[in-house]
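Right after this note come the structures.
Below, chain A partners chain B and then partners chain C, in two separate complexes.
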Partner chain A sequence: MSKQDWFLIPIFLILCLVPLSGSRFYVFLATDILIFALFAVSLNLLLGYTGLVSFGHAAYFGIGAYACALLMRKASIVFPVSFVAAGLFGALAALIIGFFCVRLTKIYFAMLTLAFSQIVWAAAFKWNSLTGGDTGFIGVPFPQYLDSKTRYYYFTLAVVVVCLFIIRKVVNSPFGRILTTIRENSERTEFIGINVKFFQLVAFIISGFFSALAGALFGIFNHSVFPDFLFWPASAEVLIMTILGGMYSFFGPVVGAAVVLFLRMQITSYTQYWPLILGMILAVLLFFFPGGIVGFLQNRLTLLRGNR
Partner chain B sequence: MTLPDPSFLVIQCLNGLTYAMFLFLIASGLSLIFGVLGILNFAHGSLYMLGAYFTHQLVSLFVDTPGQFWWAVIFGSLAVAAIGVIIERFFLRPLYVREELNQLLFTYALVLIFSDFARIIWGTDQFSVSRPAILKGAVDILGQYFPKYNIVIILLGPCIAFLFWFILLHTRWGRMIRAAALDREMLGSLGVNVSRLFTVVFFVGAWMAGLGGALVSPVSAIVPGMDVEVIVNAFIVVVIGGLGSFWGTFLGALIVGQVYALGILVFPRLSLVFIYVLMALVLIIRPWGLLGRPLQKR
Partner chain C sequence: MILTVENLKKSFDGFVAVNGVSFSIEKGELCSIIGPNGAGKTTVFNLITGYLPLDEGRVIFNGVDITHMRAYQICRLGMRRSFQRTNIFPRLTVFENVQAALLAYRGKSFNFFTPVETLFREETEAILGRVGLQDHSNAMSGSLSYGFQKQLELGIALASEPDVLLLDEPTAGMSTEETSATIELIGRIAHEKGLTLLFTEHDMEVVFSISERILVLHQGQMITEGSPDEVRTNPDVQKVYLGEAR
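Let's look at the complex of A and B:
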């Protein structure tokens, strides 16, 4: 852990203390935020670090959720195995889909990721015998030893912290530097002898793996899995979290997930028009804080330091 | 497998054709805006939805006027076009210098805002607009009934397509629009007011979406959520035909319309999957679409 990361320790301690507040509401919210923080960070591995706009990331999240729930319920496989398998299913889907997608650039890449995620969505929606179709796959229980909200919260916290640690290692490794180089200028990266498409595909697979783990966590947390997890507005939502928080910093997507989910929780208790508020927040942010929340704060911080 | 009655097949083809014309109206606006402004407008489905709601509202306003439906269509779609102009002038213009992703997300923010806006004003009830008096009733085709209104739509689609093709190819504005799609900087340095041209293009594109929504109101229920449903289909159409390609959009609309109409007959469960598979295949094999041209480096 580098010097800059000192702020993580108090945040981690606070997260550990959340269940002690005795509020089921906060435990629920914190679990939700942790899961989506992982999802958004894994999306950002593609978006912010590699410069690929995936408009179908809900596919891997949903595949993870369905895979974990189905393996547990239908194949009676124990939770730890199902959980890891869910991640591998996500990685496999990302391998197949990514293989075709990395051949395209920009808007065509986004469109193809969208098309594939819609294929997965349509399959989940129509394949009644396996997924329960429109009504969803209901009645996913907590695993035996994680059978309370608090225990599940600690489990989620542990998984998310470990995953974020790994992803952080990945982006700071030479491999991660190559991804950033690709984002900055893929042509020049090609010129210095790097197989751009291969590295993009590997990033895609890693991203798919962690997105699927987030999905698996969420399916059990939610006790059910619905085709809506895979529908394209879900992909848009996680994109919004990432950009709102700031796609050019590692923890930006975490902040974005926390802000969006906290506000949603607060605002939906006053009004049903949450999308309207989210749309307005998003519009204001795009106009005035193009770097997202974290980008804005970092700018202010550098300015303050410069003035000294 | 039992084959369906041929006359039913014909009717289903015609239904697909009707749907294709609506898709064409929406997707051609989407494609035009993308071709010239380089923005993939997510809010295009919202403009279509607003067109339908406005028409519903205006039809009840013009109760005693002869041709009330047509007046509602004209004013409803123009109101949508006016909203389009406001969006372009005041919101999209400052974003042109930013990354494409910002523009894309802004149009998505508009989707969220418009969908709730419609829910606040019109609630979540279903609405329908009755067909204009002269087009009520149906025609007998091979022993099956087909609504007169749908026939008019099928005829109207190609008329609008030809009109647009003519404008694009043979008028000064059309030439400028095509030039802007190729190289907007060069066009600007030749003394053309490019930002005004962009506004005009957005006006026309939004108007097409509004017109699609207005004309669809007698055939399909006006409900919240119609925006999200149509925008993905419009994306499929422009991707299959080719982003920014005019006749490609027409072809794409025809294909998607037929796949929906006939797919439901042949394999009802798979038709939804099939349409996305088609989209993915086109992107993999020919990313620039059936009739489009490869994207030029700018």
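Let's look at the complex of A and C:
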């Protein structure tokens, strides 16, 4: 842990203390935020680090959710195994879909990720016997030993912390550095002897794996899995979290997830126009703070330091 | 022959940019390609290095047919290039630019868990020192002056200790002093490392001072090749090229 990371300790301690507040609402919200933080950080491995815009990331999240729930309920596989398997299903889907997508660039890449995610969504929607179709797959239980909101919260916290730790290791590794050179200039990266498409594919697979773990966590948290999990608005929402929080910083997407979910919770109790408000927030942000919330704060901080 | 190019052809929408170019370069030679704007010099580089697919012809490098290889594969065989328009990683620091090239070259790029900042520190600083960027190590490379960016470009290419180095106008846009410093540097490194060098350049003084052999390209075709003296006195060259030189 480096010196700049001191701020993680109080945050972690606060997260550990959330259930002691006695508020079911905060435990619920915190679980939600943790799960989407993991999802957004996974997406950001592609977006902020590799420079690839996936417009269909809900597919991997949804695949993880369905895989974990179905393996537990239909195949009676114990939770830990189902959970890891869900990640592997996400990785496999990312391998297959990514194989085609990395052949395209820019907007075409984004469109193809969207197209594939819609195919996955249609499959979940139509395959009644397996997924329950549009009524969803209802009645996913907590695993026995996690059968309270508080226990599940601590489990989620542990999983998310471990996953973020691993992803952070990866982005700070030589592999992660090469991803950033691909983002900066994929053409030049090829000319330092890197098989760019292969690296993009590996990034895609890692991202798919962790997105699916987030999905698996969410399916159980939600006690049910719906095709909506992998519909395109879900992909857009996680993109918004990532951009809003700041895609050029590791924890930006975490902040984005927290802000979006908190605001949604507040605002939907007053008005049904949440998507409209979210859209406006995003538009303002893109115009005035292109680096997202964290990017803005970092700039401020360097300015303050410079003035002293 | 470390590099042999046979009958390269390339056209863009019917416009023939490179039309049957052939030449060979021996190990350790310092060669340049000259020719007026639009002669096809950059395109020849692009065809050799796998940046563009060619229509016809063959490229043999170190005995290996690299004609249809991808750019990264050709790089790994020991050929590097720089670009006419600077081509760096703008939002990475100068240090990180060169370090990335080293990571790739030393086969460390597929490592997921070693903290990257601990790797190749000294080697990277040494390369930065060699190209005169030691004082700018932590600067964002995109905010460097044009001349420094050109030097960085050279540093990235040199990081991999290539056998053959193709430099596309390494001093374009530099001041006179920067140009002579860079040329002096390139010549010195080439001799020290036994590099084979192929470069293009508009500055005739530079070309004639360091080239051992010069290839002259005009409208996609090679009109002659030879030592600086032979090229200087060739009447065809004077007609198509030197007559209109800056």
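Please note the rule applied: the second predicted complex is superposed on the first by the 308 of 308 C-alpha atoms of A that agree within 3 Å, B and C clash if a C-alpha of one lies under 4 Å from a C-alpha of the other, contacts with A are read in each partner's own complex, and residues count from 1 in each chain.
As a convention for this text, a residue touches a chain if its C-beta (ideal position, glycine included) is under 8 Å from a C-beta of that chain, and two chains touch if they have at least 3 such contacts.
All figures in this text were calculated on a predicted structure; none of them were measured in a lab.
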Ask   = Touching A:L8 in the superposition: chain B (first), chain C (second), both, neither?
value = neither
Request  = Kindly classify A:L88 by the partners it touches after superposition: chain B alone (first), chain C alone (second), both, or neither?
outcome  = neither
Request  = Applying the touch criterion given at the start, work out whether A:L278 contacts chain B, chain C, both or neither, answering first, second, both or neither.
outcome  = first
Query = Between chain B (first) and chain C (second), which does A:F287 come into contact with in this model arrangement: first, second, both, or neither?
reply = first
Query = In the superposed arrangement, does A:V161 touch chain B (first), chain C (second), both or neither?
reply = neither
Ask   = Which chain makes contact with more of the residues of chain A, chain B or else chain C?
value = B
Inquiry  = Quick check on the complex: what are the chain A residues that touch chain B?
reply    = 53, 100, 103-104, 106-108, 110-112, 114-116, 118-119, 122-123, 125-126, 232-233, 236, 239-240, 243, 273, 275-276, 278-280, 282-283, 286-287, 290
Query = Which of the residues in chain C come into contact with chain A in the complex?
reply = 49, 51, 70-72, 75-76, 80-81, 83, 87-92, 96, 99-101, 103-105, 108-117, 119, 156, 159-160
Ask   = For chain B, which residues are in contact with chain A within the complex?
value = 40, 91, 94-95, 98, 100-102, 104-106, 108-113, 115-117, 119-120, 228, 232, 235-236, 239, 243, 269-270, 272-273, 276-277, 279-280, 283-284, 287-288, 295
Request  = Can you check the complex and tell me which residues of chain A touch chain C?
outcome  = 169-170, 172-178, 180-181, 184-185, 187-196, 199
